[in-house]
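Consider the two complexes below, in which chain A is the common component and chain B and chain C are the respective partners.
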Partner chain A sequence: MGLRLLLADDERDFVDTLAERLRLRDYEVQVVYDGAEAIRAATSNKPDLVVLDLYMPGLAGDEAIKQLKMMYPAMPIILLTGHQAVDDNGTSPVSQAFACLTKPLAFKDFVAIVEAAVREGTTTGRGE
Partner chain B sequence: MLDRLKAYFARAFEVPDAVSPARYETLKRLMTVLMVTVSVAPLLILTFISHSQYMQTLEGEMENPLESLARKTQAALELYLGERVSTVSFMAHAYHLQTLSDEHTLNRIFLALKSQYQGFVDMGLVDKTGRQIAYVGPYQLKGADYAGKQWLKDTEIRGRYISPAFLGYRGYPHLVIAVHRLEENGAEWTLRVATDTLRLQQIAVPDGKSRDTDVFLVDNQGVLQTDSILYGKALEKIPFQLPHALHDTEIIRKEGDDGRMYLMALCTIEGTDFRLVTIKPVDTAFRPWLALRAELLWVIFGGIALIVIVSNLLMRHLVDRLRASDERRVAVFAQMEHNQKLSSIGRLAAGVAHEVNNPLAVILEKAGLAQDLLTMNKIGGDEKEKQTLVKLLQGIESTVERARGITHRLLGFARRMEVSRQALHIEEVIEETLGFLEREARNRGVLLEADFPEPLPELISDRGQLQQVFLNLIGNALDAQAEFRGKTNEARFIRIRGVTEGQCISVTVADNGKGMSQEVLRHIFEPFYSTKKNKGTGLGMFITYGIVQKLGGHITVESTEGEGTTFTVVLPLTPPDVSGEA
Partner chain C sequence: MTESRCMARLLASAVHELRNILAVVRESTGLGIDLLDMERKSTGARPSGERLHGVLEDSQKAVQQGAALSDAMDYLASASEMEAKGPCDITRVCHVFCLLYAREARSSKITLQTDNGEDPVWAQFSPVILLRALLDVVDLCTSVGGQISLRLSGERRDRHEGVVIEVFDGTNRELVVSALASCPRLEGLRIGWRAKLMPWTSREPRFFLTISETGGQAETN
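Here is the complex of A and B:
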C-alpha cells in the first residue's frame, strides 16, 4: 500500500499533473484547491503527509499549517510554493513545516523529501 | 547709465544654481567684494572723520596762539601810545602858554621828555591861528603854518590826536601826537610832538620772534604804519581792502595772492585809527600734519591692500571648501541613487521570478508526466521514437532547470532572509573559501595569496553569506585571469589582503587579470549584466553587492583594462542593526 498524500494548491494545472505522476508511482493522492478544503480533507482522511502551497485563496498556507499542526502535531507537512518562504525569526507557522520547497522542483527531489518526511514522522511517532 | 550699472552688477554677482566653475567664481567674487566693502568702508569712514576732526582741532590750536599774540600786541601798543599821549597831555596841562612859548623852557621840557622816553623827535607849539610859535627839534619849523590842516582840526575837536605815520619834512616815518588846550583865560593852543614809528615796530615785532607770523599796523586808509613781511615797508599801501575791525580780536580766513591760505587776526588800537593785523599762513601750522598724513595714507592703502589680499585668499579657501563639500554631496547623492536603482531592480527581478516560478513548475511537471507515460509504457509506439521523445522532454526539463537557477538566485537576492549573526574571524572564512578554489587556481596556474599583516578583530556577521561574497569575487578574479592572454611572462596572481580600518575591516581582492572598461565598471553591480557571454547569469556581482549591503558594509571596485582589478569590501565589526535587535 502506497503512502496517502494530500496536495493543496490553487495552481490546478500544476497540482493535477504532480498528483498524476505520484499516482503512477503508487501513491494514494488526494488533491484540493484551497486551504479550507485541505483542512477538511485532512480531518476526514488523515493522510500520511500534506503538501501545502503558501498562497491560496480562502485559507492561506501558513494559517492552514497552524491549524493542522494544532490538530495533528505528528502529521508531516511540506510547503511548496512559487514564492520564497519567509521566516525571519522562527515564530511563523512556516517553521513548523518539515520542509519549505520552492517551485519549480525536480520531481525526484520532491519524492525523496516526501519519503524522508514520512520516515521521520514515523520515527518520532514511534519514539513518543 | 544707472540701469546699465545695475545690470552690470546683477550680471557680475548672479550666482548660478548649477554646480559649475562659474558658480564658484561668482560666489568668490561676491563674497570677496562684500568682505572688502564691509571691512574697508568703516576704515575709510573712520579715517575721514578723524581727519576732519583733527583738522578742526588743528585750526583751533592755530587760532588760539594767533589770537593771544594779537591781544598781547594790542595791549602793548595801547599801553605805549596811551603813555605817550598822557605824557604830552600832562605837559600841556602842567604849563601855560607863556611858559611853553619860551623856547628855552620848551627845550628844557623836551630834553627832560627825551631823557625819559625814547623816540620823540621834535616838539612844537601851535597857536590858535595855526602858526607854530615855538619849536624844538632838528628842523627849522618855527613859523610853519598849519592853519586849516586836518590834523589840527581833529585835535581841536577831540582834544587829543594821534596821526597816521607819514614822512613829512623829516624823511622817515613818524607820527604826531597832538593835544589841544583851552586855558581858563581863553588862550587856545595845541602842543604837538613827533615820534618815530621805530618803537611801534619793535613792540609789534619783538626781536627774536618767529618770523612766520606777520604783525603790522594799518591806518584806516590801508597804509602800513609798521613794516610788514608780506606787504612791504611802512607807508606802503596794502594790496587788499581790510574788513571793518572791532576792538575785540576777530579771526578771519583769507586766501593770499600766492594762493596760500592765511589766518588773520584783526583788532583796533584804542584811541587811534590803527588796526592791528596778525597774519599767519595756514600751511606752516599744517606742515607736520601733512608729513604725518602722507605716512598715514601709506598705512591706509597698505591696510586696504592687505584686506583685499586676505579676503581674496580667505574666500578662495572657503569657496574651495564649499566646492569640495558640494562635490562630496553630489557624489553621495549619486551613490544613493545608484543604491536605490539597484534595490528597485532587485525588487522587480524578484517579483518577476515569483511569477515565472509557477508556470515553470507546470512545464516541468507536464514534461515529467509525459516522460513517465513514455517510460512506463502507458503509451504504445515505436521504441526508437519514444526514445527521441524522452530526449526532447529531458531537454525541456534541463531548460526549466536552468531557468529555475536564475529565478532562485533572484529570489535569494531579494528575500529578507534570516541573517544568522555570529562572531567570526574573517581570515578563517577566507581561508575556507580559498580551500574551495585552490584546485581550480592551481589548474589555471594562478597564485592565490592571502595576506593579513595584523591579527584582525572578531567580526559579527554571517559566515555563509561572507563565503558567498568571497567565492564570487575570487571566482570572478580567476575567470578574469583565464580569459587574459596579455602578459604571459608575468606570474598571474590573486591577492587577498585584510586590514582593520577604524570600526571596520577592509578586505581587498586584487588580480592582475584583464581588467574592466569604464563601461563594464558602470554596470558591474547591475543584475543580468555579464561579460561572460553564455557562461554567466549576470547575477553574481549583483548578489554579492546585495549581501554586502545587507551585512552593513559596502563594496567598491577599481580596475584598469589590461592591468587588473581590485575589489574592496568594507565590513563593520558590528552590523548597524545588531545592537537594536539584541
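Here is the complex of A and C:
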C-alpha cells in the first residue's frame, strides 16, 4: 500500500485534482477543505503526512499546524501558500513545517518533497 | 493607511488569487498529461493524443511564465513599502523589472533581458527608486524609436553598486547609445535621490546606472 496523505485546502478544484494525480501514483489520499476538518481527519486516520494550505477560512493552516504539532510532534507537515513571503522567523508555527511551498507547484518537486518529508518522519520516529 | 500600503495590499491579494488560478490550471493540465501517458503505455501513441499532449505541455509552460510574473508582482507589492534607504538587491530588481515591463517594452520593439542565477548585489536605496530609473532608461530608448535589446545586470564597480545596461542587437542601436550617452542624469526620481548614467568607456556600448542621495535636493538635467 502507498503512503497515506491528508490534503487540506479550501481551493477545491486545485486540491481535488492534485489528489487525483497522487492517487494515479498509488498514494492513498484523503482530502478535506478546512483546518478544523484536517485536525479531525489527522486524529482519526493518523496519515503519514499532512499537506495544509496556509490561508484557509475558519481554522487557518498556521493554527492547524500548531494544534497538530502539539498532538503529534513527529508528524510531517507541508504547508502550501499563494503568498510568496511567509513570515518565518523561527518562532511562528510555520517554522514547524517540513517545507512551505508556493503555488503553483511543479508536481515532480512536490512529490520529491513529500517523499523526503515522510523519510525524515520515519527516521525521527512517530511514536505518538 | 498610506496609498502605498493600500496598493501593496491589493496587489498582494490579487497575486495570491492569481497563483491559485495558475495552480488549478497546472494540476488540471498535469492530470491530462498523466492520463494520456497512461493511455499511450497501454494502447500505443495516437496522433490526436500526441497533439493533445503538446497542447497541455504548452499550457504548463504558460503557467510557469505566469508564476514567474506573480513572483515579480509580489516583489513589487512588498517593495512599495520598503524604506527609501533599502536594502535593495539590484540583481533581483533587474529580473523583476524585465518580467513586469516585458510586454510594454515589446510594443516599442525593445527586448529586455537579464541573467538568472546571478549573485545578489545589495545597495542602500529603495527598489522602487531603481525601478523608476530603469523605466526612465527604457522611455529614453523608446523616445528615439526603440528597436533594440537591453541586457540589465547588477554589478559593483569602484565601490558603487549599480546596473550595467548593455545595448545590443537592433537597427536603432547607434541612436539609442547616443541618447543614453547624452543623458547622464535621469529625471523624475523622488526628492533627495538622483540616478546617474555613465558610459562604460572600456566596454562600449554599455552604461552603468547608479542611484545616490543628493542630501534633500531634487535633481534634474
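The rule we apply is simple: the second predicted complex is superposed on the first by the 123 of 128 C-alpha atoms of A that agree within 3 Å, B and C clash if a C-alpha of one lies under 4 Å from a C-alpha of the other, contacts with A are read in each partner's own complex, and residues count from 1 in each chain.
Here is the rule we use: a residue touches a chain if its C-beta (ideal position, glycine included) is under 8 Å from a C-beta of that chain, and two chains touch if they have at least 3 such contacts.
Note that the structure is predicted; figures quoted are calculated from it, not measured.
*Asks:* After superposition on the shared chain, which partner residues are touched by A:Arg21: those of chain B (first), chain C (second), both, or neither?
*Replies:* Both partners, chain B and chain C.
*Asks:* Considering only the touch criterion stated at the top, classify A:Ser44 as touching first (chain B), second (chain C), both, or neither.
*Replies:* Neither partner.
*Asks:* For chain A, which residues belong to both interfaces, chain B and chain C?
*Replies:* Looking at chain A, the two contact sets intersect at 11, 13-14, 17-18, 20-21, 24, 82-84, 102-105, 107.
*Asks:* Note which residues of chain B are touching chain A in the complex, please.
*Replies:* For chain B paired with chain A, touching residues are 350, 354-355, 357-358, 360-366, 368-369, 372-373, 376, 378, 397, 400-401, 403-404, 408, 411, 414-416, 418.
*Asks:* Of all residues in chain A, which touch chain B in the complex?
*Replies:* Against chain B, the touching part of chain A is residues 11, 13-14, 17-18, 20-21, 24, 82-84, 86-90, 102-107.
*Asks:* With touch defined as at the start, can you tell me which chain A residues reach chain C in the complex?
*Replies:* These residues of chain A touch chain C: 11, 13-14, 17-18, 20-21, 24, 55, 82-85, 102-105, 107.
*Asks:* Flag every residue of chain C that touches chain A in the complex, lowest number first.
*Replies:* Residues of chain C touching chain A: 12, 15-17, 19-20, 22-28, 30-31, 34-35, 38, 63, 66-67, 70-71, 74-75, 78.
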